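Quick heads-up: structures coming right below.
Okay, so chain A shows up in both of these, paired with chain B first and chain C after.
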Partner chain A sequence: MEPILQVEHLSISFSQYHRGTRKRTLPVIHDLSFSICPGQVTAVVGSSGSGKSLLAHGILGILPYNSALEGTILYQGTPLTQRRAEQLRGREIVLVPQGVTYLDPLMEVGPQIRKGRRDPRSKARSRAVLERYGLGPEVEKRYPFELSGGMARRVLIASAVVEQPKLILADEPTPGLDARAASRILGHFRELAEDGAGVLLITHDLELALTIAHRVLVLYAGETIEEASAADFSAGRLRHPYTRALWAALPQNGFTPIPGTQPYPGEISDGCQFAPRCPRCRPECRGPGPVPYVPRAGGWVRCRFPEGGEAL
Partner chain B sequence: MKHRLQFAGKKLLRMALLLLGVSLAAFLLMSASPLDPLQTNVGQAALGSMSQEQIAQLEDYWGVNTPLAERYLGWLFSALQGDFGTSLLYRQPVLQIIGERLANSLGLLLFAWVLSGILGLTLGVLAGALRGRWPDKLVRGWCLLISSTPTFWLALLLLTVFAVWLGWFPSGLSVPIGVEADSVTALERLRHAVLPALTLSITGVSNIALHTREKMVDVMESDYVLFARARGESLPAIVLRHGLRNVALPAITLQFASVSEIIGGSVLVEQVFSYPGLGQAAVTAGLGSDMPLLLGITVLTAAIVFGGNVAADLLYGVVDPKIRRGAAKA
Partner chain C sequence: MSLEAKSLTFRYRRRGQSPVLEGVNLTLEPGERVGLSAPSGRGKTTLCKLLAGYERPVQGTVLLDGRPLEQYKGACPVQMIWQHPETVLDPLLPLGVSLNEAGAVEERLLEELHIQPGWLTRYPQELSGGELQRFCIARALGPATRYLLCDEITAMLDLITQTQIWDFLLREAQRRNLGLLIVSHSAPLLERVCTRIQSLSPIP
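Entry: the complex of A and B
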């Protein structure tokens, strides 16, 4: 199937003033490549604060002014330029943000979902979408502060799908929800994919991601270190030591913690970023030169000595 | 309902305390003034030619020999009964003078207040929405320039340019000289009020614009504006739909807080334009040791400023859905 979105060698960086006057660039996402097919949920898993949200903002063309984007993004096979992103965002490509702070605190829910349109068709449509997510017409009259956490997420989903999008970018849609509410919200994304949309799920929660994702991309220090199918996890076919460690850290797999911490953006070293924490690390891993991202056994990996294989 | 009554009661009590404090402060400052009422109002030469009895009479008139506490309490008790006394300089009831002066000043103050509010809000929203671009730089530069310019200097500048050089507007007073009060047209009055009102507005704008800009910048960096952009809303739509809505609350506070600045500014501006308003009367009363008039004006202006704050509180309750819905539930 033709992918709806292809991201190739995407890098996003910030320019920042360092110690007063010296300007420096801070790479946040580095050399990211993946694609999303219609009907599929692709999860991007990375720890909190790793700049994952910027990926969604980059695709939508709403990065902050002091940031720069490199690489190519193709939407339905054609480059997604800033102009094109401006035309498509909010219609074909939609964002489902994290929480209630993304709603205007002084505007009622109904007008927000309709983006101010008042015609009867828009009204009927917003009502239908709210109903689809189990929210009654009275919710339209509420202000964001009168919504519970779960309701707010459903309102945010409703405000996105009211447009019948082809590509849905969901940015951490579940934190703060209890397990049942969270899996319910994720179920909605799975449904949207089954209806034919491509879904990009950005999250820090591998466990939840695995409940709905077809493919999982793992970010480490702003780089993709592995792309695997959801089945690879339970089948033990993981390629990268970090992905294995993440998997082993899940409750049902024994909570084995990973020692050490991820480097911050700006602390990027030569060679493999995971080297200081990697049990399989060898001298070659520390460079010189970055570790290449290579296809392997139906997925991708960025490791010189991947699991279950010889040196590359 | 009980809640509302409590609220109103608290406000009234606070207002009473405030007025008491302000009048006392004004009284003490005035009594501590080094100006001798007799010398300033009667004149050194005239005093020299007077007999002791005449001087003693004058001293009684200006209240020089009455103990401070007695003078203040005397004023306070009559004021509580609605009698603000008689102006020593104008020899008319204080309330009557205030009434006339207020009628002159009110238009000026209102015009300046409304204009500076509208201009300040517009410029602030514009600058905040276009942060870092040239309109923002222009607005900020202008505001900093204006706020570092003394009001009286600005007034003199406008006076020189528009009244003296260009001759578009009269250079002072509120009505033309030598025309009977009844035959002065509204247009004439307006022409006399334009320059002072403009001066007041210009100085008021910068404060409001800079603060509104700060708020607008916060709004533009908020999650909900980011989401609005992600949903394809254009910048003008975002400013109109989300920007104005969310700067409305701080703008109300600013606007009503500026009442005191406008009144304060009017003291200087009316002086420069010889505009016979409340501000000018305050200066005259202060310099001429006209205690009853000064106290009357002080109490009145303090009450106006306080009223402004109360109005801001009440409007908040109407505009902010959290307060509105919260009050509806309680």
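Entry: the complex of A and C
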């Protein structure tokens, strides 16, 4: 199947002033490649500060003015330029933002979902979408402050899918929700994928991501370090030591910590970013030179000495 | 010797509001780690705020060793760690200043929490949530602290940071015989870290 979105060698950097007028460039995302097919949920997991949200903003063309983007983003096989992104976003490509603060506090839910349109068709459509997420007609008359957290999130999803998008970027849609509400919200994304949309789910909740995602992309310090299928996790077929550490850190899987923190954008060397924390680090790993991102056992890995799984 | 909530009722002063909490009882002994779970909006955070003295109950009392909590002077022995560290740190103060505002923090804690000396001169917006939460934990562990209320303190952190923080907190709690109240939506987390789990009884 032809992918709906292809991201190739994407890098995003910021230019910053420090110590007065000296300018420096801060690379935040580095050499990131992946693709999303229609009907698929791809989860992007990684610690905070690994560049997950920037990725979504880069696809939508809403990066801040002091940033620079390199590499290619193809949408349905054609480059997604700034101009094209502006035309498509909000229609074919939608963002389900992280917070309730993205709703207009001074606008009722109904008009907000319809984006101000008043014709009967729009009204019927918005009614149907709200209905789908279990929100009754009375909700259309409410202001955002009158919604609970879970309702507000459903309103955010409703206002994104009212346009029947082909690509949905969901940025941390579940924190602060209890397990049942969170899995219900994620179920909605799975349904949207089953209806034929491509879904990019950005989250740090690995456990929830695994319940709905087909593919999982792991980011560390702005790089993709592994792409795995959801089944690889429970089957012990993970390739990168960081992904293994994430899996082992789940409370039900041992709750084992590893020391250290992810390097800052300014401190990133060109060698292996994970070497200082890696339990399997060898002397060669600390050397300079970029680590290639290579296919391995049905997935991808960026490690000089990847873990061999049962599949190898 | 315990922290006791006796039939706490709390409501916000708005017309027609039903109470957030009604008749809630809870006892926390030193060395105990009690997990608290309930759906969103059931008043878990409100209960923490009442226990730490940030809010006063409409009815009922909070007793520490049999004495009402508000009679204690100086640093409150019941400290709360909040869900969103970025909202409880002054954005205009370097973190080192925020950290020591309520008295100097032991060097040992900074080391155990892996707080880098370089972070002390930075401002909250320059660090990630996990790094900020380490500061919030360090300053809540003053010498007077005997009970810690942990309100979803690792919900927004990645898994590895979450285990690092709990690994430290469990060791510290054991060492000082602290009583912990742990609020979380994650059942596996509560099963892992708690000595017992209590659900917040629903409002009738």
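We adopt the following convention: the second predicted complex is superposed on the first by the 306 of 312 C-alpha atoms of A that agree within 3 Å, B and C clash if a C-alpha of one lies under 4 Å from a C-alpha of the other, contacts with A are read in each partner's own complex, and residues count from 1 in each chain.
By our rule, a contact is a pair of C-beta atoms (placed from the backbone, for glycine too) under 8 Å apart; a residue touches a chain by one contact, two chains touch by 3 or more.
These numbers were taken from a predicted model, which means no experiment stands behind them.
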{"item": "Which superposed partner A:E131 touches (first chain B, second chain C, both, neither)", "value": "neither"}
{"item": "Chain B versus chain C as contact partner of A:Y102, first or second or both or neither", "value": "first"}
{"item": "A:S159 touches, of chain B and chain C: first, second, both or neither?", "value": "first"}
{"item": "First (chain B), second (chain C), both or neither touched by A:Y143", "value": "first"}
{"item": "Contacts of A:Y65 with chain B and chain C, given as first, second, both or neither", "value": "first"}
{"item": "First, second, both or neither for A:L250, with chain B first and chain C second", "value": "second"}
{"item": "Doubly contacted residues of chain A, that is, touched by chain B and again by chain C", "value": "none"}
{"item": "Chain C contact footprint on chain A (complex, rising order)", "value": "46-49, 148-150, 175-182, 204, 206-207, 245-246, 249-252, 255-261"}
{"item": "Sites on chain A touched by chain B in the complex", "value": "57, 60, 62, 65, 86-91, 94-95, 97-98, 101-107, 115-116, 143, 145-146, 159-160"}
{"item": "Residues on chain C engaged by chain A in the complex (per definition of touch)", "value": "37-41, 83, 114, 128-131, 152, 155-164, 166-167, 185-189, 191-193"}
{"item": "Residue ranges of chain B touching chain A (in the complex, touch as defined)", "value": "132, 222-224, 226-233, 237, 241-242, 245-246, 248, 320-322, 325"}
